[in-house]
Structures are given as C-alpha cells and as structure tokens.
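Two complexes are shown next, each including chain A; its partner changes from chain B in the first to chain C in the second.
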Partner chain A sequence: MTSATYHAPASVAEAVGLLSANPAAKVIAGGTDLIVQTRSGRVKPSAYVDIKRIAGVSGIRAFEGGFAIGAATPCTALLEDAALCAAWPGVIEAANLIGSVQVRNRATMGGNLCNASPAADSVPALIAAGATCVVAGPGGERVVPVSAIPASPGRTSLAPGEFVVEIRLPAQPANASDAYLRAIPRTEMDIAVAGAGVALVMEGGVCKSARVSLGAVAPTVLLVEAAGAALVGTTLDDAALDAMGEAVRAACKPIDDKRGTASYRTHTAAVLARRAALIARDRAGAKA
Partner chain B sequence: MNDMSGKPQYRVVGTRPVRPDGIDKVTGKAVFSADHFVAGMIYGAILRSPHAHARIRSIDVSKAAALPGVQAVVTGADFPTLQSLEVELGEGGGNIVDFSRNCMARDKVYYDGHAVAAVAATTLAIATEALELITVDYEVLPHVTDLAAAMAPDAPILHDKIRTKGLDTPSDKPTNITMRYVKQHGDAAAGLARAKVVARGSFSSAPVHQGYLEPQACTVSYNADGQVLIWASSQGAFMIRTVTAQILNIPIADIRVTPLEIGGGFGGKTVIYLEPVAVLLSKKSGRPVRLAMSRSDVFRATGPAPGTVCDVAIGADENGILTGAEVIFSGSAGAFPGSGTHPAAICSLACYKIPDYYIEGQDVVTNMACTAAYRSPGAPPIIFAVESVIDELANTLGIDPIDFRLRNAVQEGDPSPTGTPFGPIGLKEILEAAKVHQHWSEPLGPNQGRGIAAGYWPNFGGQSTAAVSLTDDGTVIVTTGSPDIGGSRASMAMMAAEVIGLPYENVRAIVADTSSIGYSMLTGGSRTTFATGKAVVEAAEKVVDEMRSRAAQIWGVDGSEVEWIDGEASCTAPGKEARLTIKQIAGKTGMSVKGPISAESTVNPPDPGPGIAVQIVDVEVDPDTGTVTVLRVTALQDVGRAIHPSYVEGQMQGGVVQGIGWALNEGYVFNAKGQLDNAGFLDYRIPVASDLPMISTVMIEVPWPSHPFGVKGVGEAPICPPMGAVANAVSAATGVRMRHLPMSPDRILSDIAAAQ
Partner chain C sequence: MSKILVSTTVNGEAQEFACDPSTSLLDALRTELHLTGTKEGCGSGDCGACTVSLDGEMVCSCLVLAAEAEGRSIGTVEGIAEGSALHPLQTRFLEHAALQCGFCTPGFLVAAKSLLEKNPDPDETEIRYWLAGNLCRCTGYDKIVRAVQHAAADLRQERTVA
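And now, the complex of A and B:
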C-alpha cells in the first residue's frame, strides 16, 4: 500500500534537510493544488514538508521600501495589508482571483508560483511587477526573479532540496501602479484561458516604464518586453495600445485545448493587456 | 370554500412552512448514499476502461484476488446471461440486457469509463490498489464520439446487431442509427409553401451532464439465504429493486431497498450503475459492501443528456400565423439506445397551433456513457432550435415576439401532441403575464440583448402508493415510497394536513423502504406531487371518513349525520349537536373493535397536467472577449397549484440555472482517443453563484382538474425555455444568430467573425 509521511519543520534549514534527503518529497503550504493532484494520481509524493510552521515563511513585512511576503502566506491575508494593496493592487487582485474565497484562505502565491502552471493568476502580475523571490537550498539562500522559477508546465527551475521562502515586491515609485485581468468563461472557480498583468510608471501623463506579462498563452508565463516598450514614452493613446496589442499577439504561443482555442487565447490576451494597461494608468494617475 | 373570485381558500396548501428534512440537511446530519455505514462493511472499487471502444480479449484478476485484504473480485463473467427485455421505468426505460452490460462490460467496452471489473477489500486503499493489479487485454477499436460522424456510412459500428427501426424500407446494414421516429400532420411542404416568410436553420448542442452534487453510491448486504438489503439514494427505490432483481435473476421480494437522502438527480438517478455489482461483491465476500463513485466516474460513466443536431424550418403568413413546420433532428444516445427521441419530437412544436408539420427524430449510439434522463429528457435542445427559429420569424415579420407567440399559442381544446385535446393549459396566460411584466419593457444598454422563449413538457402520472395513519395523540404519519428530491415530504404533509384539517406541524411525512409500503414508480416526469400527492389525498380522505364513522359510533348516530369541519367531527343530528376533535377520536381507537385508524391508497392517474413555461433573459456580451453576462431572468410558469410555493419557485430557478449552464458553458469535451477530457467541475463548467442574477419567478395557477388541489408537475418545463431565451438574447445583443450550444466565449467570437 502507498503511504506518505508528513513533516512540519520549524526552520528553513530543517526543511531543506528534509527535502534534500528525499527527492520524492513535496513542499506543502496551502495544498490547494498538491492535494488535488495527489488525489487524482498525477503526483505521488512519499513525503509532505509543510512549511507553514517556519517562522517568517508566513506573513508580510516591509523590505527595502517594498514588501517581503512569506511563501506560505494565504492569498486572502494579502488583502489585510493596506500598504501592500495600495502599492501593488494588480498583484493582490491577481492572487485573489484564484479559486474561491475558501480556496484562497489556504492558497498561497508561493504555491501558485511553484505549481508552475502557465495559467497561474498571480504569476503574470508578479512578473509584471518585477518581483523576486528568495530560494533556500542546500547551498544557502539565493534571490532570483520570479520569472526564473517556472521552467515548463508543472516543472520549476528549483534544484533538489530548494524551496521558495519569500516573494519580494520592489518599492513602488509615485505615479506607478499595476493591474491584472484574466478571461474565464465563468466569474470564479476557473482557470485563466488568458491573463495579462501590466505594471506602469507614469510621469506627467507619459509612461516612463512598462512591463507586460501574459499567462496561459505559452508553456510558461511570458514577460513581453516589446509590449512594454510600445507603451514607454506615450500617453497610452490608441496607437500605442494598438502597438502593444500587436506585440502581445506576436509573443503568444498558445495551444488549443479544452479551455480555449489558440486563436481565442491570442486575441483575448491582447484585449486583456490593453484593458489592464488602462486600469494601471488610471490607478497611477489617481495616486498623483 | 370559495371566495368571491372562485379561487378555493386553503389553510395549508399555498403556505411556506419549514421542510421536515431541513434541519438534518443544513446541519449535515442527513445521511446520503456515501455516508451509510453497516457493521462489518468492506469497500468496493471499480476498474474502468481507458478506451472509448475496445474488445475485451481477456481479464486476469488473479493478482488482484491474491492481494491481502481483497475479499471479492467481480467481472462481467459473474453476471447471468439475460433474455432481451424492455423495461418501462416511467421516464426512459430501456432494455435490461443493455442495463446489465452498462453496469459491467462483457465482450466489449463502449466508452471511456465503462466498468470492466470490481474489487471489494477491507479498505478502500487496498481495493484501489487491487484494481492496478488487474490485467485487461484490450483490442482497441476505432471509436466515434461525434454525433454526425456516428451517422456517417463508414462510421465505426458499436453494436453489430443494431438495424434502424422505423425505416420505410428496412435495411439489413449494421448502423449506429437505432431508430427513426416520424410524427406528422397534414402536408408540411404545402404548409411551408403557403407561408409569406420561412425561417430556417441548422442547430447543434453538445452532450451535457445533469451535474448533481452527490455521486452515485450504495451499500449492499447479501445474506446467505439470498435476501438482499440495499441502501442507496435514487429517484426510485422501487426502480433499484426491479432492475437489480432483473439483472441478477433475484425474486423481487428478496430485495429490500432503503432510500437514503438524495443529493440531486434531475433524471440522472432514474437508472442504476452500482447496485448489481455491489450485490455480487457482497455475495462473493459474504460481507456488506459499499461502492461509491468519484466525481470523475460520475462524468465518465453516468448518463449525460444527448448531444443533438437539428434542422428547423417554420413558416408564417403576413399576419404572423404559423402555416407549416419541419423539424428533423438526431440525438446521441451514448453506448446504448435511447436518447429521448419520442419526447423530443412530441414537445418540439407543442406550444403552437401549426396545421401542417413534419417531425423526424433519430436515435444514434456513440462511444460515450449511455445517456440518462435529464429534466424533460430529449426535449430542451430541440425546443432551443424551434424557439430560435420562432424568434427569427417574429423579427423578420416585425412582430413583438410575445405577440407572435400569443397569435399561435395553444389553449384548452386545441389538439395536444398526442391528438387528444389539451385540458386547461396556461400558455396564453403566462405570455400575457410576460407581456405586462416590467422586465419586458425595461430599457437595455449597449451590447445588451433580451430574449424570450417558451417550452412544453407533457409530465407523467404513474403508479403510486401512500399510507396515512393516525397516532394516539391525534398527530398523523404520511408514508410514501417516493424519494424526497424537491421537498416532497413537506408537500405530502401539507396535502394531508389540508384534507384532515390539522396544522402542518402535526403531520409528519416519511419515505419508506420498498418492503414497508406498496409500489411507487420512480420520481420522473414531474409526477410525484401530482400522482403520489393524489394517493396521499385519497388515503387522508379515507382516514377522515373513518374518523367520521368512529364519531358516529360514539354518538350513536348514522354516519351521514356527521360532518368533518375544520378538523373536527360535527354531529348534525337534530338535538344531538356535538363535536369531537381528532385527538379525542384518536384517543378512543383502543376502545373500538376496529382498532387503529390507518388507510392506504394506490393510484395510477393517466391524465397529468402539462408543464408550460416562458422565460425572459437579458444578457450583455463583451464584444472583445465573447463573454456573456446574464443580467436578468424572469421565469414564468403555469404551475397548476403551488402546494409549497417556495419549492415550486426553486424548481423554476433551478431549471433556469441548469439551462443557462447548458446554453453558455457546459458540454462534454472528448480528446482524440475518445476519452472525456473534462470529467470534473473545474472544466465541466456548471454556473457558479456569482455567474447568476437573482432569478425572478412568476407563478400562474391554472389548476388541473384531475388533481384534488389542481397540481401540475413543475420540475421539468422550466429547463425547456432557457437555452432558446439565452440564445435569442445573445443573438439580439450581437446581431448574429447563435445556433450552437454551448455559446462559449470563443464560439461567440468565432460566430461573430464568421458573420462579418
């Protein structure tokens, strides 16, 4: 009979030790993907390493003018940090589109990232925001861009024994904001058919910098530099938004599947990016 | 008693008391199928085919049987060979050989998820592990899941013996088209030729699942003397008893089925999958066995509703009077015949007076789970096609769609689809109510559209038994064999309370096991409040008669001198005026040689009232993403008489919700291997609460004469209009006629693009 062991380490080092000792062990935080995958037989972990009891791996703290968010912090807990919500509304709304309220009371951005689904809602918003994450492992800690974690659908770049400890959002300049939108056929309890995160810095009505990230249109979440570049130096006029949409469509490499056709995903990614850019611009303007 | 308007005044009927099963259900105490536990019970698991179509060369269960903890292994070889026998189960029915083979495959598997073997073990984990030790040698065959492809001349053939029934010229060629049914009146071609305008279109719909929340499960205990106990939820414990007995050649009286609480059925639990398998596992192991499906099992192996293709042409003269119609459709039955062809044909044009029409339906087997009834089985997708064409006709003629329907609506005395005249049918009444409803004239914004559609379902009567017994303190027990799916305990208690003259709280209704009450047909065809309700009323009347007779004895007067008024016996003999309460009469039964007061009634009413519904739907379509937001729904229905109005409204709202899912996002998706690709609620997208507005209901009461309170079945008609109403609304919002379900966002965008 198959069985699995459960560990609840109290320190990062202990967790790394458990993970290093057993390559078939899985990190569990909220478990909203992992338990479902285990039940369906898609994964068969021989051990669960629960990181929720490690000090500092849950919760939000100020860090270098921005925020450090513990990897095991539930998505709904993010809503309670007013400063975080004001600085990065797009990230917070993305994290709070996942599943349902009940799911989000357990689900975490760390898990959403490490599940490595191209349709993960919080990941395009984090990548647009330029977020980094702290990875702990046998060789100590390293800081990498969030975009470096997903390798392919369901696979991460994490080495054996490594896990994500926290996600860092940079300091947000004045006149800057972000937004995330996704397309699903329902209003919740669904997986993005396409998603777009946009983070903008505006100055005097002109876009100073822009990052556009897309979900569910390629094997991993994309950062589309050309789409961001199309907005820089513009007021987000129609011509700039059309150029951005063109860059978005050019970057999409989606598949046809039960959730949507490739052509629908490509078309809709551009629609969502345009709408998200305008929301981010308006939010940035409202802060001025 | 009548008021000035002539409408009868009731004390209990028409009120909204708390349901007797409510506390258990909201506190989680209610025992559903998978909750039932029997001492000594072990756990079953079923191995299911990963292939859509394959021949089974051999099955080796030896390793599974040898696994410690495994108590029994069952395959198709353990099932008796049966003679072909058509079974009528009320709504659906079918051939017992097909039922048996659907429970467990023999020489062939016909769909991804078809059961091929079962194991019972001391734990579910051991049973599940044992399944992996079973080796099935399959010869994989070409498969066909698509309806149109299954009808093609070169399609893979599921059943070598099937020849199309109902052809003008019989053919001896194997085919997947099991049956052709034609219903016609007059000359449809001439009727269409007389028209000033003819609207036509080709429509399709994907197979959809009933989506009940409770997966099928049962617990079975087979005793050494051959007697069998079964605990399960279903739409009819007597149906479980009959079908299990027939599949396994067991005398009916040796099986006792105890109904458990049901977590939704919608027609899908009018058939069985697990019970015969569990009986064999229990017989082999000597232990009680629980067998339960997973959600994935439910989607892969239990009855969806058929996918359909449908061509409709309808003509009208310059005044908007219909002249002729042609409806030609096919439905995918899944693995075995029976996709609701007859009811679909009967219902398709039933709302309208059309002098000349031709309706032709075909039933087609395909490599998916065998279809089962789903609210108005067969009819909704065909009504969607007809209501779409009616909408186009009204638009083309520039006539308001309600006025257009009013000009053609059937009414009492018009011929019904069976040829007999309609009794009181409230289609005109609900259309008039829709026309004056504030919703119909509310302004719409950009990208918004409004649609309306009607729908008909004939409903069913059928056999029912009810018992009513008086307790010592004057409270009353009502016993039926009809499962409580939509609040029937409450409505049965209310009808008995009304007849007897007791407060609702003094009457308790229970659902008995199959050995504790006489036969009742399963709950289907919206028959329970009508037929079982009629049995309850008759039994309650017998109890009242007996109480009057006891009072007459006590008073020493003739029975004719006792009246039953407001729940009391009243002596009308001159000079002997007196009253006796129910409690007083009940307290004296021990002194009567006639003993306890109890009565049973059996009925088989052939004349149910029709189900008729109209719905108005507003939507907004995002032109850039194709996303549809349902803004507003008003559901109107001729409900005959609402015994418990909240549960009638619940049926109406539930029909709308399921219809919106059917219209917008639900549908089976098969991969290239013919496997179901969306066997779960994540990707089989039923609506969630946030997808829906509050659904307004308008109940119009046109009482049905053959029920004591005027009840018409209300459970099925409300799923007939929503797909047409939503499609008409989306078509109005986009300017493009939507002819294919589901109208998912990418489908809407591609249909818009194709029209430009």
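And now, the complex of A and C:
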C-alpha cells in the first residue's frame, strides 16, 4: 500500500472539498469492498475520505412519506427500523444477504451501489423500488435515480468531487410490496449468479404497477420495463408470469464465468423474477 | 509518510498507538498493541478469524482501518475471560472439543459472544447463520454449534439465578 492519507471530515462540504482536491481519493463507508481492493492492489487511493463521522450521513429518517437512509448506515442497522422493514422488505432482505454479519455490520447500500458491481445485491431491489439518491458535489446537491449511478462494472456516473449522501425510498401505498431473490452456489457468503428484485402495487387483486430489476446478467444492474409492463393489469396469472419471464430472458446479456454459464444465468433470472413477483404480490395482499 | 496517532479503548482499557493510514485494525492490534489473540486467516473478510467487536458490533478487523478506531471501543478475544475465570463459551469450547488447531477459535468466540448478547436463546439455524462468516477447517462446525448451545444455556441459567 502506498502513502495514502486518512481523513474523517465532519461535514458534507468538507468531504466534497477533500474529494475535489484529490482526484485519486476514495470515499470509505464500510470499507468491505475498498479495503479488499486496496489490499489486492486493484485500487490505489491517494486518500481515504471516511464519511462515517459526518453528521446526518448515518441513520434513517422519515422523508415525504418514505425513508431517507444515510449513505454511511450499515446494512444491519436497517433491520432495526420496523416501519422501513414493513414498507420495503425486499430492499432490507437484499441488503442483508450481503456477506456475513461481520460484513453487514460495516457494509452500506451506498457502497454496494458505488462499487458498481453488476452482482451487487441491494441494487436491483433499490432500482425496483424506484429509489433515488442525493449526490453532493462541488456544484451542490442533486437527486438522481439509483439506476443512473452504475455506468459499467466498477464505474459510476459520479463526477469528480461527488459522493452519495443519502438513499431515498419513496412512500409505499398500503397494498404494495417488494421482494428480492438471488441464486448463489452456497446459502451464505457468495456472489450472485443472478438476482431479481420486483416491486408491485396491487389493487383488488389486480397489479396496478410493477418494476422488475435484474442483477448479475449484464454489465450493470438492469431495469426491465417490459417485464414490469407484462404484469400490469393482470392478477399475476401464469400467462402474465410467462410473458414477464420472456421479457426478462430477452433483456439478459450475461457473461459466462466460473459461477455460471450465460444460459444458466438467463434461465435463472427469469425463475427468480417469477418467484419474487409472487412473494411481492402475497406481501402486498397480506398488508391490504 | 506521517503516522496517525489513534486513541481508543480496547477491552475496557484506554490505549494509544501510531499507525500508517492504510494499516488495518487487525495489524494495529497485533503489532502495535501486541494483542495477538486476533488472527489473520484471509485478510479479505471471508474467514472471520480476525473478528472483534467495534462499539459493540462484530466486524472483521482486517477490513477496518486502524485510524477508524479513534474514540471507538474495541473488544477482542483477550477481553472475554474475567481474569483467570473463563467465560462459559470458552469452558464449553474446551469441553466439547470445539477446536483442533485453534486458529479460528478467537473469531468464533467473539462472534458467538456477540450472538448471545443479542439473542440469549438462539436455535441451531440461527447459530449457523450467525457464524456463517467464520470458517473452520478442522472441526466440521458441529462441535462449535453444540458448545455455543451449551454456553447459551449456562448463561440463561446464570441470569435466572442472579
């Protein structure tokens, strides 16, 4: 490791200043990707900018009927917010599939997003949920959809000096819910071969709106609008689920690697999306 | 490169050390504070041999920068026994032969203690999922799970007596 410096700014402005002054500086949230990548030599930060001591960047608050989650909030802390777990169970379960308890006590959804892995578990769930994030930078703050952050494997659309301050989940109608499922070779501690997040709004047994997002089947996490559209106006009968599966398979552009072949990933993504849609429907029904 | 001076609390005692910005908490504990109970298996978050508690939550110390420990409270395996009196987890690990080479044991003890603080009566599935981030190449895990169950029962007993 080279001569990096370590900074623990107390304010967003101070963090933006450090990141702007130092093009090779890296934000450290939980460090569970960054420290591994630094140790292997893949990343050589000139400075670590630790965002965990910035007031207001940790913790969960109510926001416009939904939730604002500070970017430094570890995944296990999400489990302690009962209202958040009830509204967005799919997001919370996705974030709490990451690694082990030790890893989740540090890992954040912001880090999962900004690491920009196509297999990041919380990202399909966030995108299905229609989550946005607040990005702070030299020009002030902007709010962008979570789906706009990943650019390609390991790269984000964030400009120099920018970082994610907060992730926002919208208000959830009473008869709506979500789910996330992934396939891994083991039951814990592995990277997704495929993942699917589905968020649904139901009304009188009929789907009013649906968003389907896929992980690990393309260079970035995908939002598959055609898959969501296939469910709208249906009761999620077999024909609708088959049509959704077709749209999912059509959207997959996976790689072959040691975890799975392209055809296995494509097939699995559709199976997971179908199961996740049914779980989300049942959850929405259980709340109505 | 300038060193960072870190003031922290380790096993209830105030400690100070100097470290490089990139030094891990694991390396600082072992080389600066000579607390070599905490082990390095992988250095990448996979094995849990380096598990310590940080402000009461268990973490992999190989994935924490030592500089992050400023003002925080750290618990290591050295802090589990009270003087020469072993913690029930340690006693039951010995009785159940829940260790062979022992390299994974400090991490398992810290992780199991953290579990029992949050959930005094975990079932076997909860124990196995909680300990999924701790790898053991020797025991096959079964003896570890039994030892944790037994220690949990001891601690519940202690509580009802007290």
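The rule we apply is simple: the second predicted complex is superposed on the first by the 287 of 288 C-alpha atoms of A that agree within 3 Å, B and C clash if a C-alpha of one lies under 4 Å from a C-alpha of the other, contacts with A are read in each partner's own complex, and residues count from 1 in each chain.
Going forward, a residue touches a chain if its C-beta (ideal position, glycine included) is under 8 Å from a C-beta of that chain, and two chains touch if they have at least 3 such contacts.
Predicted model only: the values in this text are computed from it and were never measured.
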Contacts of A:28 with chain B and chain C, given as first, second, both or neither: second
Contacts of A:268 with chain B and chain C, given as first, second, both or neither: first
Contacts of A:188 with chain B and chain C, given as first, second, both or neither: both
Partner chain(s) touched by A:235 [first = chain B, second = chain C, both, neither]: neither
Most chain A residues touched (candidates chain B, chain C): C
Contacts of A:48 with chain B and chain C, given as first, second, both or neither: second
Which superposed partner A:152 touches (first chain B, second chain C, both, neither): neither
Contact residues common to both interfaces of chain A (with chain B and with chain C): 1-2, 40, 187-189
Of all residues in chain B, those that touch chain A in their complex: 125-126, 129, 296, 624-627, 664-665, 669, 677-678, 681-683, 685, 687-688, 690-691, 744-746, 749-750
Chain A - residues contacting chain C, complex: 1-6, 8, 28, 30-32, 35-36, 38-40, 48, 50, 52, 74, 76, 99-103, 105-106, 187-189
Contact footprint of chain B on chain A as seen in their complex: 1-2, 40, 183, 185-191, 193, 258-261, 263-264, 267-268, 271-272
Contacting residues of chain C [partner chain A, same complex]: 1, 4, 20-22, 24, 43-46, 48, 51, 54, 57-60, 62-65, 67-68, 70, 111, 114, 129-130, 132-134
